[in-house]
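Chains here go by letter, A, B, C and D, matching the order in which they are written, and residues are numbered from 1 within each.
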Amino acid sequence: MSDSLAELRAKINAFVHERDWEQFHSPKNLAMAMIVEAAELVEHFQWDTLEDSYQLTPEKREQVSHELADTFVYLLRIAEVLKIDLLHAANAKILLSAKKYPVDKARGSNAKYTKYQEK
Amino acid sequence: MSDSLAELRAKINAFVHERDWEQFHSPKNLAMAMIVEAAELVEHFQWDTLEDSYQLTPEKREQVSHELADTFVYLLRIAEVLKIDLLHAANAKILLSAKKYPVDKARGSNAKYTKYQEK
Amino acid sequence: MSDSLAELRAKINAFVHERDWEQFHSPKNLAMAMIVEAAELVEHFQWDTLEDSYQLTPEKREQVSHELADTFVYLLRIAEVLKIDLLHAANAKILLSAKKYPVDKARGSNAKYTKYQEK
Amino acid sequence: MSDSLAELRAKINAFVHERDWEQFHSPKNLAMAMIVEAAELVEHFQWDTLEDSYQLTPEKREQVSHELADTFVYLLRIAEVLKIDLLHAANAKILLSAKKYPVDKARGSNAKYTKYQEK
């Protein structure tokens, strides 16, 4: 089984191409498809306490794993269609977040960064 | 800038750890955070036609890139916290989808696979 | 200030019509707009414990109130565009749910109804 | 069948109370449940063109009606638990939106109001 991101992207693209599904994969449609998968993940945890959400039965673990996979696949497709380098984008965003959430202010706090800026 | 998934995961984990944010990163909370980011992506396309959604101004392109990055970061965090191998999960899911959507039936169709099973 | 649902619907319809926004209000677009508002609500609670989510500062209370209002407005618009009677639909759904979740089995349980059916 | 909002709220509250489900209905959990329902609506339209999304088969119409109902029920529950008057909130929000989107600037435009403020 493939273990690289590049191989996964190529596999997904081939899957879509074989089925002639590019025609349905506009960014708008893919954004909808991705949030639907994200919601299927949310559904698994909606009635859980925070503590319970760490504890998955094997059955739930497999389902959660499928929802994560589906979200990931659509995320990769959107990036593909829009020619956005997801790894580059994530690395760039972390640099930005590091500025918005400096360690000394953010440590142990779940406040939004705008709270620091107000002060 | 890092270009591997393993490096990105390590970088995100360090970012979270430095801020002592693991305490907030229950699967339940992370699933909520991820769908919020997915929705910020949806917002960019909500009034677009399908055709327009391919056309991004440089400003919108950068914002979309940030939303994809944020979604990706939370996706990686959920996988991390639950010890789910995202690449493995995605590859396994594609095999499943290939069975649910055989090329001869799915080609050019946006019908849900349950439609084939009804027939 | 109006206190009836019918008046609210009429007011929203007039608001949309004055701005010539019916052209953007396809069910697809409205469904996207509604989930974006639902996510803005989720964002307010994403790092809260369950207990904390009951406690709103006046500022947060006002913001939450706005997100609920926005979700409601789009919900009413979708129903309007598709000519679905929301009150009727909700009443009908409650009857269905009462069958899916009989009191004796559902009492005090957060299990999905499919769990009963498996037994 | 009830046709008033107040009766619907009372019916939902009774439904929840009979099943002793108030314990699960924290604002956080309800916000998750509501977005899951909103996503089930999105799913119905994700591969549709804008035009197609107006055209529902009787079967799809019924399903869409159920998703709208479910979203509505959770919306009412959140408002109930937080003691927010949904009709009041919606009417207040429309007044705010009327200021953010003055007819002369917003007519026929799908731009976000922040676009006006930039000018």
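Just so we're on the same page, a residue touches a chain if its C-beta (ideal position, glycine included) is under 8 Å from a C-beta of that chain, and two chains touch if they have at least 3 such contacts.
What you are looking at is a predicted structure, and each value in this text was computed from that prediction instead of being measured.
Two copies of one chain, chain A and chain B, touch each other, and the residues they use overlap strongly: the shared fraction of interface numbers exceeds half.
More contacting C-beta pairs link the chains of A-D than the other of the two pairs B-D and A-D. Between chain A and chain D the centroid-to-centroid distance comes to 25 Å (mean Cα coordinates, whole Å). Centroids of chain A and chain B (each the mean of its C-alpha atoms) stand 3 Å apart. For chain C, the set of residues touching two or more other chains reads 24, 28-29, 31-32, 35, 38-39, 42, 45, 47, 49-50, 110. Contact residues of chain C toward chain D in the complex are 1-5, 8, 11-12, 15, 18-21, 23-24, 26-29, 31-32, 34-35, 38-39, 41-42, 44-45, 48-51, 53-54, 56, 61, 64-66, 68-73, 75, 78-79, 81-82, 84, 86-94, 96-98, 101, 103, 106-108, 110.
Per the touch definition, chain B reaches chain D in the complex via residues 28, 31-32, 35, 47, 49-50, 110. Interface of chain B with chain C (complex): residues 24, 29, 32-33, 35-36, 38-40, 42-43, 45-47.
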